[in-house]
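Each chain gets a letter, A, B and C, in the order it is written, and its residues are counted from 1.
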Amino acid sequence: MATQHSRAAARFMIAPSVVLLLAWMLIPLGMTLYFSFLRYNLLMPGNNPFVGFENYAYFVTDPAFQAAIVNTLLLVGGILLITVVGGIALAVLLDQPMWGTGIVRIMVISPFFVMPTVSALVWKNMFMNPVNGLFAYIAEVLGMQPFDFLTQAPLASIIGIVSWQWLPFATLILLTAMQSLDSEQLEASEMDGASAWSRFYYIKLPHLARAITVVVLIQTIFLLSIFAEILVTTNGGPGTASTNLTYLVYAESLLRFDVGTGSAGGVIAIILANIVAIFLMRMIGKNLDA
Amino acid sequence: MGRITLDKVRKAFGDTEVIPPLDLTIEDGEFVVFVGPSGCGKSTLLRLIAGLEDVSGGEIRIDGKPATDLPPAKRGLAMVFQSYALYPHMTVRKNITFPLKMAGMSEEEKKRRVDHAAEVLNLTDYLDRRPGQLSGGQRQRVAIGRAIVREPAAFLFDEPLSNLDAALRVGMRLEISELHERLKTTMVYVTHDQVEAMTMADKIVVLRAGNIEQVGSPLDLYRTPRNLFVAGFIGSPTMNLIDGAEAAKHDARTIGIRPEHIDVVGDGPWQGKVGVSEHLGSDTFFHVHETGLADIITVRAPGEVNHRAGDTIRLSPQMDKLHRFGQDGLRIA
Amino acid sequence: MARAVTTKTKAINTAIAWTIAILIFFPILWTVLTSFKSEGTAIADPPVFLFFDWTLENYATVQERSSYFRHFMNSVVISVGSTIIGLAIGIPAAWAMAFVPGKQTKNVLMWMLSTKMLPPVGVLVPLYLIFRDWGLLDTRIGLIIVLTLINLPIIVWMLYTYFREIPNDILEAARMDGATLRSEVIYVLLPMAVPGIASTLLLNIILAWNEAFWTLNLTAANAAPLTAFIASYSSPEGLFYAKLSAASTMAIAPILIMGWFSQKQLVRGLTFGAVK
């Protein structure tokens, strides 16, 4: 019963959330936009003159920017590929009858709950360290030279670490979606003579399509902002070999104290994230009507 | 007491008028059934009476007192929902007690009423269970129990049997009728099933697109449907409706004859080929084709009658049971 | 499918699944095991797996030599605090949107979601400056504010999807039964909403506990939660595997256990109800 009275009460109840989020969104965003047009360095006090698009020009022409864009794309793309393919495989596997499903599930999901700094540190020291790491030991046993992962292949190493953290997420969501598949559909296809592979390809995979899209979009949003793993393992290096856009903006703003350039980088990051966000929002919005 | 009067009640959602102004009186102690195809506004009408929807115009009176602006709880009505709407986190006892608790009743009065209701509805053994542990029929009874304990002026039922399987439905139908016999409280019952309407009602209200098509006792509606819609809606199998030359012979646009009012006789005026036969044991339904009257004429013959598909049979309508309808679809007296 | 699966198939599935699961879980297992070793055993060549002298000494050292407990408390205060405040703001909003939906409800929800899509780095600079000027840098309250705001959309969304599943019929039944708005809320809505609120609480604590952008950038020694404290081990002098493992184990254990319990709700919360 939506009467006038309850409508007013509803607005009153929603107001705090809306006002807070509006402030959270508009004030810092407006400031970022404003700063991005100023020459503003915390190390150089004085007036901060308006410089138009100079910061953007500086940021975009910086060789580190191109490296960061490429690295960001490689990071996001690589992790998505590993987690989605691995997630589908794991979801199919965990959907099979077996003993100890509960424990297997718990083990597979666990990495997602490990805080990024811990997982970065554990991988960096206990596994990837070229002297004392487990991987070095395995290489030694196999008669190979230990490989210094974070120096020789920093980006790939980070992709590995972050994939480990996000694989459970993809698995869990795809498994949930898989289990919502009507078993009669599978039985019908079995009656129609479909093999196990055909059932996967023609029934299960299309059923998962929606969940896969959701996984891709949500992970992309988070993966564009990978930070702690880079900070802990490589500090973006060597050179800019593992610097992504988020880390570059951080370095500009809080390491070089160049507020203007950092802000310009922030605006670019927002634009990139928004491109993904639009697709994600459409998906979720459609679901809201259903 | 439970006399409900609707005076020019109308309901519109935005620009769409779902119920045009409508008058209706439900007498105290009556079992009234609102029946009609889905989307005819019968549930909306019930919810207007309950107070779960605001009326867009007109007035509702309960026992002569204006109730239009009263909140649902103050109208003294109890409702049984299609989904039963039991509180899943409460035991059966707590579910049934809830309205009494809201009314601030004393502990012993609550206990007395709940125990009585449980006994009437055969729920005594289930009082400590939760709704999730009950079968559909038992949930239904809990929902009714929750309504009974309030001793309301009238009960409102919103398609209460539609979630039950066929056998249970017949049983519950009987139980609700018996309940009405015993309590003699006004009941307003919404259904899309004309069999439920015919078997339970004192008075049937046939609705279409928010309009009342006819109000009357089940047999009134069966014998003298006011128009083609009611004629086609009430009765199972449905009435045969015949247009054209045959109707013109009777000075009508359309004539109607119920399947049970057609006899299979050697010298009947109509003839056709037997199609599908449905043998119910007590009756046999024939679908007769190629009569030149309508696509199919349904005939109901008592007992076990055998005609093979493809046989030609002759039919004779009982002339005194013929219904005549004019150009406007209304009954011609 | 109600058919007997051959024991052989099941055995093969089990073997493959367990192997993969153990591989995935291994880094956590290894960390936990290492935390019970002495520093020497921790870097032994060849590595020892189970047969070593188990010791609790690393846990004791981490407690004594560092301010571990303070950082642990920071984590607790910040994650629980931001969650409670978020719920206090979010419950009424989700409630109103689920039960009194208006024409704008969908738009408001989508817009809230869009704030979550904002990359944190886009507002790093102004937030850092605001925090510096207002004396919020390296304070618990500052982090509570930020984490409340970044997780508020998830809270509202998750609650909204739960509230929307409460059938309207039941609320109407309560109204017919004479419940006032207050008793409707207390006796009917709240008990039915408790599971949803609980899962929202749990997921949000997990997210806040593991948040590692703002906690790293806005704190130093004082208010640093475990995320930032652990990061300090990345400097070379922190290269003591056993102690690192002990600190890590303590940092992830509580959340790991909470996570195991909330894995089902997690899906809904993290996909904004798009996958259930």
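As a convention for this text, a residue touches a chain if its C-beta (ideal position, glycine included) is under 8 Å from a C-beta of that chain, and two chains touch if they have at least 3 such contacts.
Source: prediction; values computed, not measured.
A.B. asks: Taking each chain's centre as the mean of its Cα atoms, which chain lies farthest from subunit B?
C.D. replies: In terms of C-alpha centroids, the chain at the greatest distance from subunit B is A.
A.B. asks: So, comparing each chain's Cα centre against the centre of all protein Cα atoms, which one is closest?
C.D. replies: Smallest centre-to-centre distance to the global C-alpha mean: chain C.
A.B. asks: Can you compute the centre-to-centre distance for subunit B and subunit C, using the mean CA position of each chain? Integer Å is fine.
C.D. replies: The separation of the two C-alpha centroids amounts to 53 Å.
A.B. asks: State, to the nearest whole Å, the distance from the C-alpha centre of subunit A to the C-alpha centre of subunit B.
C.D. replies: 57
A.B. asks: Using the average of all C-alpha atoms in each chain as its centre, how far is it in Å between subunit A and subunit C?
C.D. replies: It comes to 16 Å between the two C-alpha centres.
A.B. asks: Using the touch rule from the top of the page, what residues of subunit A touch 2 or more other chains?
C.D. replies: 1
A.B. asks: Counting only residues that touch at least 2 other chains, which ones in subunit B make the list?
C.D. replies: Each of 52 in subunit B touches at least two other chains.
A.B. asks: Could you list the positions in subunit C whose residues touch two or more of the other chains?
C.D. replies: Those would be 172, 175.
A.B. asks: Can you name the residues of subunit B that touch subunit C in the complex?
C.D. replies: Within the complex, subunit B touches subunit C at residues 50, 52, 71-73, 77-79, 81-83, 85-90, 98-99, 101-103, 146, 150.
A.B. asks: Within their complex, state which residues of subunit C touch subunit A.
C.D. replies: Contact set of subunit C toward subunit A: 1, 5, 9-10, 13-14, 16-18, 20-22, 24-25, 27-28, 30-31, 34, 43, 45-47, 89-90, 92-93, 95-97, 99-102, 106, 108-130, 149, 152-153, 156, 172, 175, 206, 209-210, 212-213, 216-217, 226-228, 230-231, 233-234, 239, 241, 244-245, 248, 251-252, 255-256, 258-260, 263-264, 266-267, 270-276.
A.B. asks: If we count contacts the way the header does, which residues on subunit C are in touch with subunit B in the complex?
C.D. replies: Per the touch definition, subunit C meets subunit B at residues 167, 169-170, 172-180, 183, 187-188, 191-192.
A.B. asks: Please output the residues of subunit A touching subunit C within their complex, sorted ascending.
C.D. replies: 1-2, 6-7, 9-11, 13-14, 16-18, 20-21, 24-25, 27-29, 31-32, 35, 90, 93-94, 96-100, 103-127, 132, 134, 137, 140-141, 164, 167-169, 172-173, 176-177, 180, 183, 186-187, 210-211, 214, 218, 221, 224-225, 227-228, 231-233, 245-246, 249-250, 253-254, 259, 262-263, 265-267, 269-270, 272-274, 276-277, 280-281, 283-285, 287-289
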